[in-house]
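This is the structure I have questions about; it appears just below.
First chain written, first letter: the chains are A, B, C and D, and each begins at residue 1.
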Amino acid sequence: MSHNTFGHLFRVTTFGESHGPAIGCVVDGCPPGVPLPTETIQAALDRRRPGTSRFVTQRQEADAVRVLSGVFEDERTDGPRTTGTPIALLIENTDQRSRDYAEIRDTYRPGHADYAYDAKYGLRDYRGGGRSSARETACRVAAGAVASAVLDHLYDGAVRIRGGLVAMGPHEIDRSRVDWDTAADNPFWCPDPLAAQDWEGLLDSARKSGDSLGALIEITASGLPAGLGAPVYGKLDAELAGALMSINAAKGVEIGEGMAAARLSGTANADEMRSGDGGPSFLSNHAGGVMGGISTGQDLVARVAIKPTSSILTPRRTVKADGTETEVVTKGRHDPCVGIRGVPVAEAMVACVLADQALRHRAQTGRLGAAG
Amino acid sequence: MSHNTFGHLFRVTTFGESHGPAIGCVVDGCPPGVPLPTETIQAALDRRRPGTSRFVTQRQEADAVRVLSGVFEDERTDGPRTTGTPIALLIENTDQRSRDYAEIRDTYRPGHADYAYDAKYGLRDYRGGGRSSARETACRVAAGAVASAVLDHLYDGAVRIRGGLVAMGPHEIDRSRVDWDTAADNPFWCPDPLAAQDWEGLLDSARKSGDSLGALIEITASGLPAGLGAPVYGKLDAELAGALMSINAAKGVEIGEGMAAARLSGTANADEMRSGDGGPSFLSNHAGGVMGGISTGQDLVARVAIKPTSSILTPRRTVKADGTETEVVTKGRHDPCVGIRGVPVAEAMVACVLADQALRHRAQTGRLGAAG
Amino acid sequence: MSHNTFGHLFRVTTFGESHGPAIGCVVDGCPPGVPLPTETIQAALDRRRPGTSRFVTQRQEADAVRVLSGVFEDERTDGPRTTGTPIALLIENTDQRSRDYAEIRDTYRPGHADYAYDAKYGLRDYRGGGRSSARETACRVAAGAVASAVLDHLYDGAVRIRGGLVAMGPHEIDRSRVDWDTAADNPFWCPDPLAAQDWEGLLDSARKSGDSLGALIEITASGLPAGLGAPVYGKLDAELAGALMSINAAKGVEIGEGMAAARLSGTANADEMRSGDGGPSFLSNHAGGVMGGISTGQDLVARVAIKPTSSILTPRRTVKADGTETEVVTKGRHDPCVGIRGVPVAEAMVACVLADQALRHRAQTGRLGAAG
Amino acid sequence: MSHNTFGHLFRVTTFGESHGPAIGCVVDGCPPGVPLPTETIQAALDRRRPGTSRFVTQRQEADAVRVLSGVFEDERTDGPRTTGTPIALLIENTDQRSRDYAEIRDTYRPGHADYAYDAKYGLRDYRGGGRSSARETACRVAAGAVASAVLDHLYDGAVRIRGGLVAMGPHEIDRSRVDWDTAADNPFWCPDPLAAQDWEGLLDSARKSGDSLGALIEITASGLPAGLGAPVYGKLDAELAGALMSINAAKGVEIGEGMAAARLSGTANADEMRSGDGGPSFLSNHAGGVMGGISTGQDLVARVAIKPTSSILTPRRTVKADGTETEVVTKGRHDPCVGIRGVPVAEAMVACVLADQALRHRAQTGRLGAAG
C-alpha cells in the first residue's frame, strides 16, 4: 500500500477529486482472458450510487464508467475480455454545482480532513472535500468489480463476498433473525429484516435533528480455499485490516471474534477440528477463517466500524485557517449514515485483497488453493 | 507490506524460524548519522525477553543481538552511528531442545497456523511453530528500537510511544486510575496499578487450570506533529491497522473511539477545535489523533485485541495431517497470556510505522511536520 | 519498476492501447505546490507529436492532454499548482482509422511484439500494436513534463536535461562540431548541424527504398548535485539503464564511457580530482557523472541505442498464428527512424528517474543534494 | 529495485560492509519444496571466491555460507528443501586485517565511490570500500544460486545460464572459435581458448605496470520459454539492463545486437520466422531473445561492459575530504581485471531476474511459459 495504490499483484491506483473534472482508477496485474463487460462494472457502481434511497446523499451523479484500456473484444470471441494490460476506468464528475467555496476553504470542519490536509500539504482542493471526499470510493467499487470478475474466473464462481450493516448507532441486529438473502431488500443491506424496519425511523429522526449515526459493516467471503495469505507481514488478516481501515470514516476493524477475543479463554476460543469429506472441518469459527495469516477454508468474517458522518447541521465549534474561532454547520447533500454506502466499498476492498492474495499464492506455489 | 517486509522507506525484512539456527532482520532506508549503540537495541529486546516474570514463557533465550552492518563508529566521533546502508541484526537461537517433534509434525493444534501452513506450502518447519512462532516478534522489537532511534533523531526526542495492557480477559482497567508512569512497575505494563494486582491471581488461576487469557493492548504516541500520513491508501491509521493486525494472535484493531464510534452520533463524535498557542487545539480526541488518514498533532491512540494463547493444557479435539481424528494438549513453556509480551511488539510496530511515515512525509514535502 | 508503473516515490503508471479510446497516466508522489500549467505538459507532448516533419509518422494525433486531478488553482494564488495528490493525465486517441485488422491479427510481424504478446497472454489488442505501440510513449513524455516541473521546483531551475541523436544508422556526429543550442533547429535534435543536413538525404533514401534506420540517442543532465542515487540496487546508473532500456526498440544503454570502458586501462579511465571553488572538481568525466551508483555533480551522460523501425515495406518472411508460413510488409504511416521521436521520450525517462531519486534522497537525508 | 532490495516476487535484500563482521542476504518469495542443499550455494560462491588464480585478488576469504532460515529437512524426505519462508544466508568476514585506515578515510580514490558516498551520507564505513566494495557481490552470487535452484525446479533443468569474458581490454575473442564448453577451463571463463591464452600475458603485463584492464562479459540463457517479461516497465530486457548495470564497475549493457543495432537497417535487423516443430522458429537472433519486453524462446543474449579496476598502483591526482590536493596509489590485494570475478555475479543477476519474471508470469497467467 503506497500513497494512492493498493495491492501488490492486483494493483489499484485511484485518482481524482470530488469536484475536479473526473475520478478514476487504473487496475494493473489483472490476468488475461477474464470476461469483463462494462455492464459488470456499472452494476457495481449503481449499488453505491448517490440518490438510491432517502437515506443516502441526494447528489446527482450518474457515475457512468468508461473503460479506456485493458479490455478487448476480439471479433472471433464472445464478448470483451481482459488482455493482461492495465485497465483504466474513468468516471466524469457531472454534479459540480457552481457555488461559493470560501467558507469551506477557510474553516476547518470538525471530523473532516480539512485541517490535516492543510497541515500536510499547505494547500488543497477544498471543493467538496477534494481528494478526501468519499467520492473517491466510487473508484474502489469499480476496481472491486474487476477483482470480483477475476475471482469468478479463477475460482469458477465459488467465492462469494457479501456485506451489510449489522448495527446502526447503538442498535444491533438480532443474530437469530439473520438471512443474508434479504439484505438486498432494504436500503441498509441489513441481513435482519426487522432491524432494517426499525432503522428507517431511527435514521429519519437523526437526520431531522441535524445529526448522523455510525454503523457497523460485516463482510463475509465464502467458498475460499485454504492457503491464501502469507506469513508475518503479508498476512491475509493484516491486509484486510489495512484495506478496511483505509475506508473513509473507518475507526475499527475485526476478524472473527475481533475485539471480543481479548475477553475469551483459550479453551473457549479454540476452533476444534474433525475429519470431514474433502479435508478437515472445524467445529466453530472464532478465527473468522484465518489462522497464522493464512485462510483455513472457513468463511472469512470481517467487520469495520464506521463513525457517524461528520457533516452535520448541528453547529460545532471550530477555527479558521487564520486561527479565528468560529462555529460551523455543514450544509449540503450529505449521507446521514455513511456506513450505508460503505457496504459496497467494504465488499470491494475485500474482493481486491482476495484477488491480490490469490495471484500471490499462485505465483509462489503454482496453485490457487490448498496443497493436495 | 509484502511477504516478509514491512514499510516503504523505513523497510524491515525479518527472517528465521523458532528452532532454526538464528532469527534476524534487515532494516533498510534508515537515515545516516543516527546514534545507535547496540545497547539500545538490546535493552528493547530485554523488555520482550522470555523468563522475565512467572507470567511469561520460561524458555531460556538470551536474545543477544549482533549488529552486522549499517552502523559504524568513526574514530573521530562519539559512538556508533548509522551510515544509511542496511542494518542487519542477528539473534542466535540458543534454547533448541532436542526432542521428538513427531506429534507436532503430524497433529494440527487448534488455533495455531499448523494446518494453514501445510495447506499453503505443503511442507513446513514444524519445530516449535517454525516461522509462525511468536519468536519472530523479537525481530520486530529489534527493528522497532532502530525506528525509535530514528524518531528521536528526527524529532529531538519529542515523540514518545507507550503501551500496556488495558484489559486481561474480561477484566478492564479503571480509566480513572490510569497513570502511565506506573506501567513499567508491574509485569503487565498495566497503567492501572490496582488492576495489575488483581490480574496476578487471575492469570495464575488460568494457568493452573491449563487455560489461557486474551488481552487488550493500548498504544499511545505523543509529541507527533500534524501532517504524517497519506491520502487514501497510505493512511496513517490504515497502516497502523495493518501493522498491529500482523502481530501474532491479533484479532481486532481500533483507532481512537474504535468500534465504539459505530454507536455514536455525529454531534457526540465531533472533535471541536479552538485556537491555541502554536496552532489549533482540540476539545476532545475521539479521532485518536488521525483525520483523513493524516495525523492532527493530538495523541495517537490505538488498541489491538490479542486472543488467548492457543497452546493450552486442556485437551482439544483435532485431526492429524493424514485425516485421523485425535485430541491434543500443547505441552511446553508457553505464555499464559501472549498479550503481555505483545506490548513491546505493538510499540515496535507503531514506531516502525511512524518512522516510515515521517520519511515519506519528508520525501514529499521537505518537512518533518506541519506546513506553516 | 513493476508491470506498468515506473519509479518509487515519483511513481508513473501508464495505460492505454494504440487504437483504444484513450491513453494516459497517473503520476503519484508529486510534491505539493509545484507550478504546473497544462501548457507545460502540452508543450512537451508537442515535441514528440506525429507529423511534425517528413521524417516522422504522418499519423494525425492532436495529443491534447487533459489534466484530470492533482492540480488546483486556488483563487488566491497565481496559477495552477500540484496538491500532492495523484495527477491523472488523459489523451484521447483521435486517429483510429476504421480498417481491416485481420492481417495484423493473424500474422506475426518480424521485430514486433506480436508473437511474444500472444505467447504470453494468449490474446491481445492487435490494432496498431495495441499496448506495445510506441503510442504509449506519449504518456511517458507527459509524465516527464511533470518530473521536469518537479526538478525545476526543487532545484530552482538549475537542472537541465537535453537530448538528441548522435548517430543515425552508421553515421555518427563529429564531436568537434557539437553545439547543443542548435539541436532544436533540425528535425533530428542533432547537436551537429552538418551531420543533420547529411541525415536528411540518408533517411529519405532509406524510406524510399522501403527500409528504416537505427539511431543513437544521447542525453545529458547538467546542474545536478552530488549525492543522488543509492547503493547497490537503487543505483542512479542502474535505474537509468532500466528506464532507457524500457523505451520501445532500445537495445543498448551506456553511461559515460559506456561499452568503451571495457577497452580502457585503469590509468586512462580514472577521473582525477582537483580542488575547486565550492568543492572538488574533476579533470575528466569518463564516469558520466555517476560513481558507486551516486551522482558526483558532474554532467550525467547516457546513451541509448534504438534499433531500426521494424515496420518496413520490404517483404520479410514470417509465420501466421496458425503456423502457416508467409511474407509480410508493414504498410501504414510509420517512422522511418523511431530514434527521432525517441529523443523526448528518453529525456522524459531521465527526468522521471532524477525526480524520483531526488525525493528518495530527501527522504533519507533531509537534503536535496550533497552533505555540507 | 529499491535501495538494497532486488526483484519483485523473488526478492533479494543484501547487507554488509567489506570490513564489518559479516555480509549476507535474505531471499524472500522463494517457492516451497525446492531442493536446496547448502553445498549448491557454497559451490556458486567458490566460483567467485578470491584467490582462485593469480589473476584475481589474493584476499583470503573462505566465503563459507550459513543457511539461517527458510530451508528445512523433514526427516521423512530426501534432503533439505525450501519452505516458502525467507531464506537468510550469512557469510562471516574473516580477512579483516588490522591496519591504519586514515588515508583511505581522508583521501578520495578516483573512480571509487568514496567521494559520492561522503556527498550523500556525510559519513561512511571507509574500511576497504565499506558498502561499495565488490565484496557485496558475494551475496548476489549466493542469491543467484537460490534463483538457479528455483529455475531448475520450475523448468526441470531446461534453463541454462552461461557467462564468460568475450573481451579483455581492447582484445576481443574470435567468434569462429567459440566453444562455451571450454569456458570453465581457463581463469577468464573465456569461450575462446586461444584468446584466453593471450590474455594471461596481457593481464600479467598490466598488473606488473601497476595498471588494470576493463572487460566485456557475455551471458547467454538457453532453454527459456516464450512469454517471460511484461509490457512497458517490467520488460525483461529493461530489468536485465537494470540488474547488470547495478554490478560494480558496469558502464554499459547490451541485449542482442546491442549498441550495434543503431547502425543497422530495418531489413538487416529483422529476425525472420519460419514454422518449426513445436512452434515458430527464427532465422536469426538480432533481438537477443526478447521482443516487446517479452522472451521469444530464443537464447537470451546480454553483455555488460566492466570498467578497469580503479584501484591501481599508478599515482593519480585527487583531493582529500578537507579539500587538500594530493596524489593517491591504491595498495592492497586488488583484482587487476574486476570483470573476471564479475562473470559469476552477472550470471547470478540474470538468474535472479529470470526467477522473478517466471514467478510474475505464473502469477498473472497460471503458466510458466507460452500459452498454447
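We take it that a contact is a pair of C-beta atoms (placed from the backbone, for glycine too) under 8 Å apart; a residue touches a chain by one contact, two chains touch by 3 or more.
These are the chains along with the protein names UniProt gives them: A, B, C, D = Chorismate synthase.
The structure displayed is predicted, hence computed values, not measured ones.
Between chain B and chain D, the least number of touching-chain steps is 1. Among the other chains, C has the CA centre that is most remote from the centre of chain B.
Once the centre of each chain is set as its mean CA position, chain A and chain C turn out to be 38 Å apart. Chain A and chain D have Cα centroids lying 45 Å from one another. Distance between chain A and chain B, defined via averaged C-alpha coordinates, is recorded as 26 Å.
Each of the following residues of chain D touches two or more other chains: 2-5, 14, 29, 32, 84-85, 120-122, 131, 231, 360, 365. The touching residues of chain D, counted against chain A in their complex, run 9, 29-32, 84-85, 231, 359-360, 362-366, 368. Chain C makes touch with chain A in their complex at residues 2-5, 11, 13-17, 20-24, 26, 28-29, 32-33, 66, 68-70, 72, 74, 77, 81, 83-88, 90, 105, 120-125, 130-131. Chain A makes touch with chain B in their complex at residues 1-6, 8, 14, 108, 110-113, 115-122, 131-132, 136, 167, 169-170, 206, 211-216, 225-235, 237-246, 248, 250-275, 280, 283, 286-288, 290-297, 305-312, 314, 316-319, 323-325, 339, 360-361, 365, 369-371.
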